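You will see two complexes here that share chain A, one where it goes with chain B and one where it goes with chain C.
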Partner chain A sequence: MRSLLLIFLGAIAILFAGLGKKEIRMLPWAIALLLGALVFIPMDWIANEQPDWVNHIVPYFMMVFDRSALAFMAVIIIAAMLVLGLFGQREITGSDQLGLILFSLCGALILCSFTHMVMLFLGIEALSIPLFVLAGSRKKDLRSNEAAIKYFLMGAFSTAIFLMGCAFVYGGTGTLDLSVMQRVIPGSAAMGGMTGLAKTGVVLLMTGLCFKIAAVPFHFWSPDVYEGSPNRTTLFMATVVKIASFSAFFRLFNFAFSSPLAHGNWSFVLAILAAATILVGNIGALAQRNLKRTMAYSSIAHAGYMLLAILANPLESFWALIVYSLAYAGSSAVVFYILNKVQEKKGNTEFESFNGFGRANRWLGILLILALFSMAGIPVTAGFAGKFLLFSAAFTGFKWLVIVALLGSAISIAYYFRVFRHAFLTEADGDIIKPEWQDSVFLAIAATVLLLIGIWPALITGLQLFELH
Partner chain B sequence: MELILIPIIAGVLAALAGKQSRWVALAGSLVSLGITLFWLAGFRYGASFQYVFDKAWFSQGIHFRTGVDGISMVLLLLTNILVPVILLSALRNDKRNAATLFALIVGMQGALNGVFLALDGLMFYIFWELALIPVYFICALWGEGNAFRTTLKFFIYTFIGSLAMLASLIFLYSRTPDPSSFGYEALLAVNLNHTEAIWVGAGILLAFAVKIPMLPLHSWQPDTYSEAPAQGSMLLSGIMLKMGLYGLIRWFFPLVPEALNVFGPVLIASGVIGVLYGALIAIRQNDMKRLVAFSSLSHVGLIAAGIATVSVEGMQGAVLQMFTHGVNVVGLFLAIEVIQSRAMTRNLDALGGIAKQAPVFAVFFLLLVLGTTAVPFTNGFPGELLLLKATFGYKAVWGILAGITIILCAVYMLRMYQFSMLGKPSGGIYLFPDLRWNEWMAFGILALLVLWTGLFPQYLLDLCGPAIQKTMKGILDSTGVVS
Partner chain C sequence: MKPDSIFHTVEISHYIYLSCVLFCIGLFGVLFRRNAIVLLMCIELMLNAVNLLFTAFSSYMGDSSGQLFVFFVMVVAAAEAAVGLAILVMMFRNTRTTDVSFLSNLKG
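Take a look at the complex of A and B:
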C-alpha cells in the first residue's frame, strides 16, 4: 500500500514540478521515487498482511498486499525503473509523459493486489488510459497516431468485453469479491456445477485479459501498436503492462476460479489459446524484416509461454512466472535500448541497420547476445531458468502444451540469431554508440538480473510465499 | 566444481586480458589439467563416484552435484589434455579478435568438464547446452565460407535435440517419488512401462544422436567441420562428439533400459551403416577436412554400435576408443591446419611432396594416420579390436560388415597421406617450413598419447572397468525386471 501511495503522490508532484522544465531534469526524481517504493517492498514482505489463501480466509478489503502481490510489484517497479532509466528524453519539455507513465504504473500495481472485481477494473483502466496518450505522443508521426487509435479502440473494446464478463460472473455467483467467489463456485459437478452465466462470464473475462496480454487470436493490434509507438512506450507496454496483466490473470484465475471444477472448465480453452499464441508468435516473428516488429511478435510468443503459469499448479508456477517476468523485462529492456540507439543513428530498425553493430560496440554487443540468449532460453541466463521452471510446472497437467512450447523455443532460435548475424557477422562498419553513464548503470542492473537469476534461480524460488508456522 | 569454475573464470579473464589472453587461457587450462591429474593420482579403483560436490541449486530437487567414476575420469582426462593442446597449437594465431577465441576455447573446457562431471539431470542438460555456445561462436565468427548458415543449421539441429532431451528429463522428473528430484540415482530408479520408455528414450536419443552424429542425423557434420576454423573442428570432433557417446553410456541406456530391445538393434544398425557410409564417402573426398569429417563419422558409428551391444568388451572398447579417437582426430585436424596455413590449400589434388620439406611434420602426421588406421601398437588398435569383437559377438553379420572398416580406413587414410605428403611437390608449394615450437609440442604430446595408449591400453581399461560393470549390471537388471 505504501509503495502505491508513494508513487501516486510522487507522480502528481513530478507532474507539477516539471512544468516548463526539460523532462530529463525530472527523471532522477522519478527514479528516486521508484527506488523509494521498492524499498518498502521488503519491509512489507517481512511484516506482511497475510491472507490465508489456502483456507480461503481473506479479509474483506478490495486490495490485499500479500506476498504474491509484493513479488509482482517488485518485478513491475524494477521493469518500470529500467524503462525510465534507459530512455532519458533530452528534447522533451514538461514532465507530462513521465507523469503518465507513473500513473499507468499505479494501475499496474493495483492489478497485482486487487481482491475485488471493481478494483481489477479500475486497475485496468488506470493502466490503459495513460497509455492511449503515450502511444500517440509523437504527434507529428502518422504511425504513432495510428498506434494510438488502434490501441484505444482495442482497449475500449476489450474493456467492454471484460465488463460484460464481470456482469455475468456477478449474475452467476452473486458476488464480485474474489474470496467469496471462490467459496461460491462449487468444487465439483456433484455440488451442482457452475451455472451457465458464470461459465460465460469466465470466458468473457479471459477474452478481455487476453486482449491485454496480446494472446492469439486477440493479438492483431500488437505488432502495429508496438511498431508505431515511441520506443519508450513500446517497452513499457511490452514489459510493465504485460507483466501486470499476467499478475491480474494469475490472481483471478488461480484464486477465484481455482476449484477443480472451474479449472476443468476454463483450462482447456486457455491451453489451446496458449499453444496458438506460442506458434503464431514464433512463426510470425520469422517473417519479419524489422527488429521492432520481430520483438512485437516475440513478445506475443512470450505471452504464450507465460500462459503456462496460469494453467499449472499455482504453488509451483508462481515463482516460475516471477522469474520469467524478470528475465523478460531485463532482456527486453536491453534489446529496446540498443534498438532505440540504432534508430536514433540510422532512422529505422530494419535488420540491415544493425549490420556491424557488434563489431563496433564490444560491450553492448555482449549485452545484446546475453539478452537474446535469455529470450531464447539458453542456459545460465534468467530466461532459461524461467522457461525451465514454467515448463516443468506445467508438465504434469499439459504434456502436449509443453512440447508445443519447446518446439516454439526451437523456432525462436532462428530469428534471435538473425539479429546476431547482422550485428556480428556482416562486414559493414557499425556506428559507435556511447551510452551515458546513467544508461550504463541501468544496463548493468539488467545484465546482473539476467545472469544472477540464471546462475542461481534459488535466490528467487527459495523465497517463502507463506510464512511457515 | 573447481574443474568447471577455473576454466570459465580463466575464460572471462582471457577475454579482458587483450594481448596476454593466450597465456591466461593456457594457464587456466593447464591448472585444470593439473587438477585432473591430481584427481587421477588419488583415484580409488572402483565403481563409486568420487570427489563428490553437492549443493542445492534451483530447488531442493535440483542439485549442483558432480562426481567422478572411471568412465568420466577417462573423458575428463581427454578434455583436459586436448584443450591445452588445442590452445598450444593456436598460440601463434593472429586472427581478428584472437583474445575472444582463446577465451571461448578455455571457457568451453569448463562447460565440457561440467557435462562429464554432472550427476544431476538438469545440471547435465545445462552444461550440455552451455558447451554448445562457445563452439557455436567459434564456428560462426571465425568460420570460412558460408559459416553462418552452416552453424545455424548445426545449432538448430542440436538445440532441437537438446529440447527433446529436456522434455524427456522433465518427464522422468515428474515420475520420481515426492519430493521430486533430478538426481542421477533418483532418475535411474524410475520405472517406466515399455511405451513410455520408448518415448522418453527417443527424446534423449535425439539429443545424443545429433551430437554423435548417428546416421541419418549427421547432415550438419561435414559442412560444419569443413567451414569451422581449425580450433572449432578440433573441439567439435575431438571432445564434443564424445559428449553424445558418453551420454549413451551414462544416461541413455541406464535411464531407459526398459526399451533396450528396441533401441539396441536400431543403434547398432545405424552405427554399422554409418561405419560403411562414412568410410565409402571418405574415399572419394579431396578436401582433407571433409575426408577427416567422414572418417570420423565412420569411427564414431563403430563406437556407438559397440556401446549398444551392452557388453563389457563393447563398452570398454568404446571408452578406450573415445579417448583414442579424440587424440587422433585432433591430431589430424592439427596436421590439416599446418598444411593449410602454409600451402594455403587443403585440396589433395593441389598438394604433394611435403614430406621432403618438412620431415618432422611428416613423421608426426604418419604416426597419427597409423593410429587412426588401427595399426597394432598404435592407439587405434586395441579399442577397435574390442569393439569389433563385441559387435561380432552380438551378431556375426554386423561384426563382419563393421570389420570392412579396417580396410576402407587404411585406403582413405593412406590415400590422404600419400597424396599430400609424398610424391612430387606440386602447385605452389616451394617453401613449406617445418613445425614451429608450439606445433612441435602439440604434436609431441599427441604422439606420446598415440604410442602410450597403443602399448599400454590396459591402464585406461582398468580405470573404467569397474564403473562399466556396474553400469551394465544396472541396465541388465532392470531389463530383466521388465521381461
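Take a look at the complex of A and C:
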C-alpha cells in the first residue's frame, strides 16, 4: 500500500514541479522515488500477517497487499527502474512524460493487488491510458502516430470485451468480489458446473486479457505498435505492462476461478492458446529482418511460456513466474538499450546495423550475449532458471504443452543466434558506443540480476509465500 | 404499476439479448469501419451495452455493486475518449484524414 501511495503522490509532485519556467532535472527524483517504494516492499513483506489466498480469504477489501502481490510489485518496480535508468538521461524529457510513466506504473501496481473486479478494471485502464499517450509521444513521426492509434483502438476494444466478460461473470455469480466468486463457483458445481453466463464471461475475460498480453490470436497489433513506438515506450510495454497483465491474469484465474471444476472449464482453451502463442511468436520472429520487430515477436513467444504458469498448480508456478518475469525484464532492458544506441548511430534497427558491434564494444558485447542467452534459456542465466521452473511446474498437468514449449525454445535459438552472428561473426567494423556512467550502473544491475538468479534461483524460490502455521 | 417493477415485467433474458445485440453492432463496427471517429463511436456503443447489462443484472439481483461499476465505466470511458480524440487530432494534423487505412507504414 505504502509503495503505491508513494509512487502516486510522487507522480503528482513531479507533474506539478514541471509547471515552472525553470527546467528541473526530475529523473533522479523519480528513481529515488522508485527506490523508496522498493524499500517499503521488504518491510511490508515482514509485517504481512495476511492469511494465504488459497485457503482463506479476507473478503470485502478491494485490494489486498499479500505476499504474492508484493513479489509482483517488486519485480514491476525493478523493471520500471531499469526503463527510467537506461533511457532517462536523454530520452525522457519533461516532467509530463515522467509523470505519465509513473501513473502507468500505479496502474501496474493495482493489477498486482486487486481483489475486486472494479479495481482490476481501473488498474488496466490506469495502466493503458498513459501508454496511449506515450506511444504517440513523437508527435511529428507518422510511425509513432500509427502506433498510438493502433494501440489506442486495440486497447479500448479489448477493454470493452473485458468489461462484457465482467458483466457476464457478475450475472453468473452475483458478485464482483473475487473471494466471494471463488466460493460461489464450486457451490454451483452440483448443478453441472458454472452457469452458462459465468462460462461466457470467463471466455470474454480471457479474450480481453489475451489482447493485453498479446497472446495468439489476439497478438496482431503488437509487432506494429512495438516497432512504431519510441524505444523507451516499447521497453515499458514489453516489460512492465506484460508482467503486470500477467500478474492480473494469474490473480484472477488462480483466485476467482481456481476451483477444480472451473479450472477444467477454462484450462484446455488456455492451453491451446498458449501452444499457438509459442509457435506463432517463434516462427514469426524467424521471418523478421529488423531487431525491434524480432523482439516484438519474441515477446509474444515469452507470453506463451508465461501462460504455462497460469495453467499449472499456482503454488508451484508462482515463483517460476516471478523468476521468469525478472529474467525477461532484465534481458529485455539490456537488448533494448543496445538497440537504442545502435539506432542513434545508424538510424535503423535492421540486423545489418549490428555488424561488428561485439568487436567494437567488448563489455556491451558480453552483456548482449548474456541477455540473448537468458532469452533463449541457456544455462547459468536467469532465463534458464525461469524456463526450467515453469516447464517443470506445468509438466504434471500439460505434458504435450511442455513439449511444444521446448520445441519453441529450440526454434528461438535460431533467431537469437542470428543477432549473435551479426554482432560477432562479421568482418565489418562497428561503431564504438560509450555508455554514460549512470547507464553503466543500471546495465550492471540488470546483468547482476540475470547472473545471480541464474546461478542461485533458490534466492527467490526459497522465499515463503505464506506464514507456515 | 410501480415504476421499479418494469425490471420485473420485462424478463432478464431480454436485457441480455438487447445488450448482446448492441455489443455485436459495436464489435462489427470496430472490425469493418475505416473512419476513426466511427470506430470511437462503436467502442462507446460496446461500453454502453456493457453498462446496460450491468444495470439490468444489478436490478435483477437487488445488488448495488453492478450499478456502482457503471459509474466507473462511464468515467473511464470519458477519459479514454479524451485521450483517443487527442490522438486522432494529432493524426489528422499529420495526414489530413481520419481514415485509418493509412495505417500501413508498419509491416513485416
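Going forward, the second predicted complex is superposed on the first by the 449 of 469 C-alpha atoms of A that agree within 3 Å, B and C clash if a C-alpha of one lies under 4 Å from a C-alpha of the other, contacts with A are read in each partner's own complex, and residues count from 1 in each chain.
Please note the rule applied: a contact is a pair of C-beta atoms (placed from the backbone, for glycine too) under 8 Å apart; a residue touches a chain by one contact, two chains touch by 3 or more.
Note that the structure is a prediction, hence the values are computed from the model and not measured.
J.: Which holds for A:T396: it touches chain B only (first), chain C only (second), both, or neither?
T.: After superposition on chain A, A:T396 lies in contact with chain B alone.
J.: Quick one: is A:P379 in contact with chain B, with chain C, with both, or with neither? Answer first, second, both or neither.
T.: Only chain B is touched by A:P379; chain C is not.
J.: Looking at A:G136 after the superposition, I want to know if it touches chain B, chain C, both of them or none. Which is it: first, second, both, neither?
T.: A:G136: touches chain C, not chain B.
J.: Classify the contacts of A:T175 with the two partner chains as first (chain B alone), second (chain C alone), both, or neither.
T.: A:T175: touches chain C, not chain B.
J.: Could you look at A:L425 and tell me whether it touches chain B, chain C, both or neither (first, second, both, neither)?
T.: first
J.: Tell me which partner A:A147 touches in the superposition: chain B (first), chain C (second), both or neither.
T.: Once the two structures are laid over each other on A, A:A147 reaches chain C alone.
J.: After the superposition on A, what does A:A320 contact: first (chain B), second (chain C), both or neither?
T.: Touch partners of A:A320: none, neither chain B nor chain C.
J.: Between chain B and chain C, which makes contact with more of the residues in chain A?
T.: C
J.: Enumerate the contact residues on chain C facing chain A in the complex.
T.: The contact residues of chain C facing chain A are 16, 19, 23, 26-27, 30, 36, 39-40, 43, 46-47, 49-50, 53-54, 57-58, 61, 63, 65-66, 68-69, 72-73, 76, 79-80, 83-84, 86-88, 90-91, 94-95, 100, 102-103, 105-108.
J.: Can you name the residues of chain A that touch chain B in the complex?
T.: Listed in rising order, the residues are 373, 378-380, 384-385, 388-389, 391-392, 395-396, 399, 402-403, 406-407, 409-410, 413-414, 417, 420-421, 424-425, 456-458, 461-462.
J.: Mind listing the chain B positions that touch chain A in their complex?
T.: Where chain B meets chain A, its residues are 56-59, 122, 125-127, 129-130, 133, 140-141, 147-148, 152, 155-156, 159-160, 163-164, 166-167, 170-171, 173-174.
J.: So in the complex, the part of chain A that touches chain C is made up of which residues?
T.: Its residues touching chain C are 117-118, 121-122, 125, 129, 132-133, 136, 139-140, 142-143, 145-150, 152-153, 156-157, 159-161, 163-164, 166-168, 170-171, 174-177, 197, 223-224, 227-228, 287-290, 293.
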